[in-house]
């Protein structure tokens, strides 16, 4: 299996290139995407503006369809904002917890993938690809159905609510993707680094922790942050398995209001919050990527 | 064949591993139909999204500012919103507007949920494909195209023999990433009750109460399906690689 | 040696060309006799590359006339007409000449087979002979990405020769190469010239120009400032601008 070295300048067999540098860049970004598991989210202020525009159009539509005696659309939205905000914070909590657990497990798995012991290496590879090939929704279902609803530890019965199970369900694909990010980052460090460390009599563990890993952190950050932004948007999947997060709540609010035409206003309102949260992350990711772009 | 299925029935009696999809013909047919539906969704959406990508890439070169910005906003919308929201938008949003009245007087949707799933997923993957194809075409040096023209190739011929084959080779890795992602995203059709593999499995396990077994079967099936696709993509990329360019 | 008293094979009269608001060529006139080697030198931005592209019809001109062989280039508009012209005049660029997805041999064969619709076996034989002529028989099945810069440029020359042109244009073809490989490419051009091919080169290789050119044209700001045999232009430049340019590079 030819392992493409992530983020490395693709060597050409010639001193006169046959394709533009942009072709090399495309190949490199495809490799990065393959490693991190997802496309790079590229948010712009214009997207926020478009969402606001949609929101205003939605308000206009709802207002036009409003019957006299109904409170104005903005009042209605303001009335429900605390509830929806609570739901949104719930989404963020889910994403934070899933990211934490997924990253910890993923780092462990990633380093296992570069272990010198074949059984560990192969087991880690299999686990990583097993969870990477599975769709996120299937993994969610897996955890929802197979994790017990309560667990007894030291004689204390701890209930495991639905949202914890859903969070762990989201942590599984995060783990698999982080594992690949870690492996790709470590393998992109030039062999020369390993060789110089060996010639200075560092053993493998010291080389890893004192020389290789510090350099990897910089390379892992952009795809890792991108993964977080994608994960945040993916928390809406938990609505399918019944978690009372923002999408579910919005649906309930809409049916409670039972006014026609509120659909666009509410959903664009909610999407705008997602944008407000993901936009800084996406921008920061792009800046980090440009800052840490490595040229060999 | 029947003896094979009976063996699984005996396995259930002995160990409780209840693989009804193997020994029960009804469940077997259901599961196979779910699998085929997933394959069908994947195949149609792959083809449709590639066509949308080609059309979008071509329209982006249009001289009309309106066409260019329409394509631009189409891409931005589908690229930066969760695909689940897109499916809901199509099925509940637009779908509820396109209804006709049935004989009994109730509103009946014109477009089925399977169609909406196909439409939504194709546009989702198509948005990425537009960018992929366009950057592939733009990565071809202008001089190469000038050289082709200077050799007497007409505009059409240059496109057919030089631009398209090269753009394809340059775009293939990114395109493959996108298509594998698309196959995994087809599970979201569950949310609008499309009878694909996840939905059918949930029906089976609520009937036969063999949740752990079915979940593992499901996970394993996706592992095989996606794994096979990834392997095919790898082989294709290696076969089509430009020698001397890239690792 | 160029033949005397015969109509020049390339003839430009008062050629004007602009890219948008910028006038790149401001009245170029020149005559190139058949079999001559002409070198065009000058500072960057003086319109040299544009001039070559106008001669083979890649860039349309605003005013003036260009005549190549029996073709009035400025009157050709359709692809069909231009194809006939491209059989007369071929151009080799500075880089990105070859088609990366085809081998060297396929690159050479492509145009005669697909454009001229010639017999494949015939073209194959000719392509093999041309690759031998530029010294790359061993690399016939290599892809451009596997060839060095000099080898790529030589294959590009062979590919242009496959169309059997009367005039060959070279747009700074050695500018992107390493100094060692520049020599092998210049040798190839030298042989071409000695075989009697009419060559127009835009180049910075002054020694080559001095040795091989029949005429050297110095352009600046879209105009021909001075022209003449290399001995005269290099050793006794008449105009101040020519002197200034030559003192900078020689």
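Order as written gives the chain letters A, B and C; numbering starts at 1 within each chain.
What we mean here is this: contacts are C-beta pairs under 8 Å (C-beta built on N, C-alpha and C of every residue); 3 or more make two chains touch, one makes a residue touch a chain.
Fair warning: this is a prediction, and the values are worked out from it, not measured in the lab.
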Inquiry  = Is the chain-to-chain touch network here best called a line, a ring, a star, complete, or other?
reply    = complete
Message = Which chain has its C-alpha centroid farthest away from the centroid of subunit C?
response = A
Message = If I average the Cα coordinates per chain and compare with the overall Cα mean, which chain comes out closest?
response = B
Inquiry  = Could you work out how far the Cα centre of subunit A sits from that of subunit B, in whole Å?
reply    = 20
Request  = Provide the C-alpha centroid distance between subunit B and subunit C, rounded to the nearest whole angstrom.
outcome  = 49
Key: subunit A and subunit C: spacing of chain centres that average the CA atoms, whole Å   = 54
Remark   = Each of the following residues of subunit A touches two or more other chains, namely 12-14, 18-20
Request  = Two or more other chains in contact with one residue: find those residues in subunit C.
outcome  = 95-96, 98, 100, 144-147
Note = Residue ranges of subunit B touching at least 2 other chains are 141, 166, 242-245
Key: Touch list for subunit B against partner subunit A, complex   = 73, 76-77, 79-82, 84-85, 89, 92-93, 128, 135-136, 138-141, 166, 170-171, 173-174, 177-178, 181, 184-188, 190-191, 198, 202, 205, 211-212, 215, 218-219, 222-223, 225-227, 230, 234, 238, 242-247
Ask   = Taking the complex as given, what residues does subunit A use to touch subunit C?
value = 12-20
Ask   = For subunit C, which residues are in contact with subunit A within the complex?
value = 95-96, 98, 100, 144-149, 152-153, 176-178, 181
Message = Show me the residue ranges of subunit C that touch subunit B in the complex, using the header's touch definition.
response = 53, 56, 58, 79, 82-83, 86-87, 90-91, 93-101, 110-111, 114-116, 142-147, 156, 159-160, 163
Query = Tell me, which parts of subunit B touch subunit C in their complex?
reply = 141-144, 146-155, 157, 161-162, 165-166, 169, 242-245
